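As structure tokens, the structure follows; a few thoughts come after it.
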Amino acid sequence: MSSTSKQMNEKSVGAIIEENRKNRGSLMFIEKLVPKLLLLASIISVLVTVGILYTLLSEAFTFFDQVNFFSFISGTYWNPWQGEFGIMGLVSGTLLITVIAMLVAIPIGVASAVFLSEYASDKWRRILKPLLEVLAGVPTVVYGFFALTFVTPVLQSIIPRLSFFNALSAGIVVGIMIVPMIASLTEDAMSAVPNTMRQGAMALGATRLETTFKVVLPASLSGIVASFALGISRAIGETMIVAIAAGATPKFTMDPTQSIQTMTGYIVQVAKGDAGFGSTIYYSIYAVGATLFVFTLVMNLIAQYISRRYREEY
Amino acid sequence: MNYVDEQTVKTNMGKRIVKNKIGRWVFFFATLIGLIFLGALGYRILTQGIGGLDWQFLSGFTSASPERAGIKAGVIGSLWLMAVTAPVTIILGVCTAIYLEEYARQNKLTRFIQLNIQNLAGVPSIVFGLLGLTIFVYVFNIGEVVLAGGLSLALLVLPVITVSAQEAVRSVPQDVRQASYALGATKWQTVRRVVLPAAIPGILTGSILALSRAIGETAPLLIVGASTAIFTLPGNIMDPYTAMPIQIFSWTQQPQQAFQEVASAGIIVLLAILLVMNSIAVVIRNKFSKRF
Amino acid sequence: ACGSSEGGDSESDSSSEGENTSSEEGSSEELSGTVQVAGSSTVYPMAVYIAEQYQKEQPEVNVTVDSIGSGGGFKKSTKGEIDLSNASREIKEEEKKIAEENGINLHPLELAYDGLTVAVNPNADFIDKLTVSQLKEIFLADSGKTKWSDINSEWPDEEIKIYAPGHDSGTFDYFNEAILEENSMREDSGVTLSEDDNTLVQGIKNDEYSIGFFGYAYYAENKDSLKALGIQDGEDAEAVKPSPETIQDGSYTPLSRPLYTYIVESALEKPQVLDYTLYTLNNAGEAAQEVSYVALPDEKYQEQIDKVKEMAPSE
Amino acid sequence: MKNLNLWYGESQALYDINMDIGEKEVTAIIGPSGCGKSTFIKTLNRMVEMVPVVRTSGEIDYRGKNIFDDKNYPVEDLRTKVGMVFQNPNPFPKSIYENIVYGPRIHGIKDKKTLDAIVEKSLKGAALWDEVKDRLHENAFGLSGGQQQRVCIARCLAIEPDVILMDEPTSALDPISTAKVEELVQELKENYSIIIVTHNMQQAARISDNTAFFLNGELVEFANTNTLFSTPSDKRTEDYITGRFG
Amino acid sequence: MKNLNLWYGESQALYDINMDIGEKEVTAIIGPSGCGKSTFIKTLNRMVEMVPVVRTSGEIDYRGKNIFDDKNYPVEDLRTKVGMVFQNPNPFPKSIYENIVYGPRIHGIKDKKTLDAIVEKSLKGAALWDEVKDRLHENAFGLSGGQQQRVCIARCLAIEPDVILMDEPTSALDPISTAKVEELVQELKENYSIIIVTHNMQQAARISDNTAFFLNGELVEFANTNTLFSTPSDKRTEDYITGRFG
């Protein structure tokens, strides 16, 4: 039995293959079908964007039937329950958070990147880098809780007039959350600078510091700036930290000790469970969402433009 | 004739060297700030939450009283969400990655899809919440159930998974593709039997990291209507649900001081789960990194 | 059957009878399905307590409770999106109209009494009580008084920081009606509005010159870190602090109020909703005490139980 | 094959190649680096078309069919008949067994017995059976370079092609593995036509029946190996084999 | 320099080098690839220490000071005195002007007039002034390879070092640029001591006064260039310069 089967094989593998080839129609059909299915899957990500635009715009248009567009974009007083929809009242809160966050994230992020890429030995790098990455993986609700129950009390002991909900604490924590992102993108940009460039400077008697500031950083500037743009976009879109720790008082102010409200904070406040269809306030979260989307989109596009346009060529 | 004055150079030298030393320490401490922060966060949450972390907490539902409150509904709810999110997003992400890396020609459409994915990655998560609320909860009328939450999270992490799957597929050497073609394999056979299996560790690693992001997301779930107090576990994807971060968030909103400790205990559980997920990802990455 | 026996039993004999009958009806058939409860944050602690207890009776019924403010609850119940809508005020005319348009009938059930509590930072030694008119001055939008010294010249020359419930909140509406007589409240940068009562509690606790108000339960949970003010209803009246006694005997005015849950009548067709509603009424007294509200007289619960049974479609 | 021309984008890599390759013989292709050897051999199973900018003209007839004629001769069919072994061993990241049965499987053979038989036969054919028969289910990456290369050869044998193309199959191997593979080539020519690219003239002389010398994309000379090495008819061939350039 | 030894981690790259290098002379370093030429020359300004695993022993005295003595002789100081030009031109991605003034600036020269003067002088010194004087503020990356290399030389001259180290400065350049740089070296030796690594023995013969021959990390022979090339005293040197190996 086995010998016959073996014999069969010996004369047949080629023949079987020949045989099978005849009914290959289905195989060829799959071959044609698969790319179309895959294309379909990729189109879905485009559809997501379309969905976002559709959602935000259609509801926002309804909103603008009820609220004047220009008073929306230019108004500084946001009090939806009194029919006051001046988005600048929220935008200022968002910007305040973003500014504070970037004041924290840029120096710490860049300094960490400089240390890791220019000063740290391999050993230190291997320890510090994953630790910094852990910082990026902490859920924002945890950061928010920490901001409110730890950072704010600490800050209050330094600045007594700090109100309990304030932009400062939330902004700082948002900044810390962004540090790993800026650090790793900046480090990528810096390590793309060829070593010969560093050697050129060091051979002239430059110290590490001078080499870093006068040669490496300028040469990797576009990558670094792109990372700032992405960081800003993250700060603008950050939600839980500000919803928990920054308060819920829309306010056109740049005073970080005050309670404020950001665009994201407002959306959460309104949408939390009771975003019933219908009212002007319900539609307003989409108008705010659209504004938020535009802000972050612009920052993302700037980041992409910079890193494409000024991709370093050595 | 000499423009470079020996003496100034000499005097400057000392200052410059000191500056360099200072710089070194400044950068070092700046790096530490992030870590100190991390340490404070860890310490704070551990000391505040460890006391509340017992079996009762792990196996109980939330409650009006902090002593009885537990995170079971959150953990199981999060798992249910992942049961929706993971297959949807991994299938879509991997298909997109294969299309872009293996099939797509360099044309306008491809570039557009690629650009689109990059931009989606930067859209704030709360906007995905609005998307989910409108499309899933209202337009498709699914309601505030696991399916709606899971799909919203799936769309949220889709760009992340797509990009990492693209990298994984790209890192499969051309060599083995050629070997397959040389045996008379068709393109799809090659992709399915050679490229995909070889890319799977990379895809898995990326997916786990993306899912661990999804599992910590709060804002979109708040918007698509996860419940805060729920006393049964979802039995299918059309049931109402809660999730770990939502549960934690709702505890932080309770006025009793003791609930802050409950929230901390919840955070410990969440972080522990994230840690496990990340470790799995790292193990997979290390185990398979030396393959080619 | 009844889990914690300390509070409820003695003073709710008749209701525990009622409970027995109803739970017999209920548990004879293992119920399943969902019951969605949402609305007032004031009622929330009670509602969670009830849901939590109920789960022991009917583990297969999926009860969710969300704290989204009375207004938030009505937004959903008037569209039939939920089954029970907790409220710390009565339904408004506009809301009724929406419900009618949607063919929804909402029926109020009283659950307990609450004394809306006005609280300040415990370190605010200068203040112990306020008259209703002072309260009005503090909270009124166009009173022009934003400092403590504007109210009473002996008080500190500091900005008043206000922490008040948000617009979806019944507490906000009730305060507006009872104190401000429907004039609008201050909403400038000194005011934090939030649906989350913890935000208010934490705010007042940490800001020395702050004032705010919320349901009594939230004060009761934080007696150490808040100071409740006595309210003087009229120039010559006695200042009364909120407490279960003063709320019950009606001396804490004008801020005592009933707490409700509004049942969507059509939802009673679902056996689990009916069962849950009856269970709620049977246990509201116990739940109220558990979270420091004041229970209604037992007859009142029984009346409502009968009413609900009447409304329920005959089986 | 007739008037084969091939371009990478604008630059032509093969010029008017005409040659006839015999069955069951070993044909060696030699020539300096960049002369088009790899390009040529990859044209024979149309692997060269994986570079998107490639254009070809001319004809290659295999058993009476033009291999460029997509309609009548699907490229997958061609590649089933014309196997290939690459410069660097490129086993799949799977077990040895899975490596070998990959080809038969994609061609629709599912029967476990048949597959087992194929594995044994192919590995024996590649002179590897004795070394690996006890570890068929270990990952092929665990083998030495020479063993990996023989797995690749076995993988190629498993679908029983008529022709085997080899592009510098030993250049990544140590001398002992090289000797083994050379020996194998000698055995294989009993059943297969083999075309082998090599940098190593000694190797070409040792194992091939005919040799083709390429230079700058042209076929300079194609003759019996002995003839070509002893009495090259072209000056350039002579220069090359005496080490004057390359 | 005395008993210079150098290790990369475990493997020793330089063995017991002893030599004296004269002032205002051109010293060429020749030797086969991998013999340690680059390592040696980089040791002279301690650039070799940028590789973290490097260890050195022995002494290099420069004008009476041991350059390894960090306390008394900061490495930045050393590098100010001992300039270096690399194999591949590595201008900074800045304007030509900025490239040249980089060195003076870090050494604290801020006066615009002085800087202008330095730029002119250095570029003249690097025989580049005429070619670029009208485009000083253009990016140095826009220059040809040879021009870039001369910018690097000018950059090095700007801080007026005593010694200039050059590691195969012409190997990346075309013949014309190479000739220019060689010419320049001849001029520079009027004012500077130059140590130049080269693969090209003709170049060493053409431009250097003394030549050192390295082999496997050892200094085999160090002598007057003419002597070394005409009558090498070591067999290995002879083998090397007659092309017997390497």
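Going in written order, the chains are labelled A, B, C, D and E, and every chain counts its residues from 1.
Note that in this section a contact is a pair of C-beta atoms (placed from the backbone, for glycine too) under 8 Å apart; a residue touches a chain by one contact, two chains touch by 3 or more.
Which chain is which protein? Per UniProt: A = Phosphate transport system permease protein; B = Phosphate transport system permease protein PstA; D, E = Phosphate ABC transporter ATP-binding protein PstB.
Just so we're clear, the structure is a prediction, and the values are computed from it rather than from any experiment.
Q: Just to be sure I understand: going only through chains that touch, what's the smallest number of steps from chain C to chain D?
A: The distance in steps between these two chains is 2.
Q: Give me the fewest steps it takes to get from chain A to chain D if each step has to go to a chain it touches.
A: Shortest path length, in steps: 1.
Q: Would you pick out the chains that touch chain B and also touch chain C?
A: Chains touching both chain B and chain C: A.
Q: Quick one: which chain's Cα centre is the longest way from chain D's?
A: Taking each chain's C-alpha mean as its centre, the farthest from chain D is C.
Q: Sort out for me whether A-B or B-E is joined by the greater number of C-beta contact pairs.
A: Between A-B and B-E, contacts are more numerous in A-B.
Q: Among the chains, which is located farthest from chain B on the basis of C-alpha centroids?
A: Chain E.
Q: Find the geometric centre of each of chain B and chain D from their Cα atoms only, then give the gap between the two centres in Å, rounded to an integer.
A: Measuring from centre to centre gives 47 Å for this pair.
Q: Could you give the separation in Å between the centres of chain C and chain E, each centre being the mean of its C-alpha atoms?
A: Centre separation, chain C to chain E: 85 Å.
Q: Between chain A and chain C, what is the gap in Å from one C-alpha centre to the other?
A: Taking the average C-alpha coordinate of chain A and of chain C, the gap between them is 40 Å.
Q: Where does chain C touch two or more other chains at once, residue-wise?
A: In chain C, 66-67, 199, 202 touch at least two other chains.
Q: What are the residue numbers in chain B that touch two or more other chains?
A: 16-17, 186, 228, 252
Q: Can you tell me which residues of chain A touch two or more of the remaining chains?
A: Counting only residues that touch two or more other chains, chain A contributes 148, 207, 210, 272-273, 277.
Q: What are all the chain pairs that meet the touch criterion?
A: A-B, A-C, A-D, A-E, B-C, B-D, B-E
Q: With touch defined as at the start, can you tell me which chain A residues reach chain D in the complex?
A: Touch list, chain A to chain D: 5-6, 9-10, 13-14, 16-17, 20-21.
Q: In the complex, go through chain D and note every residue touching chain B.
A: Spelled out, the residues of chain D in touch with chain B are 45, 47, 50, 76-80, 83-84, 86, 88, 90-94, 102-103, 105-107, 141, 152, 155-156, 159.
Q: Which bits of chain E are touching chain B when the two form their complex?
A: Spelled out, the residues of chain E in touch with chain B are 74, 76-77, 80, 104, 106-109, 114, 117-118, 121, 158-160.
Q: Tell me, which parts of chain B touch chain E in their complex?
A: 2-4, 8-13, 16-17
Q: Which chain B residues qualify as touching chain A in the complex?
A: Per the touch definition, chain B meets chain A at residues 16-17, 19-20, 23-24, 26-28, 30-31, 33-35, 37-38, 40-41, 44-45, 91-92, 95-96, 98-100, 103-104, 112-113, 115-120, 122-131, 133-135, 138, 155, 158-159, 162, 186-188, 191, 212-213, 215-219, 222-223, 225, 228, 245, 248-249, 252, 260, 263-264, 267, 270-271, 274, 278.
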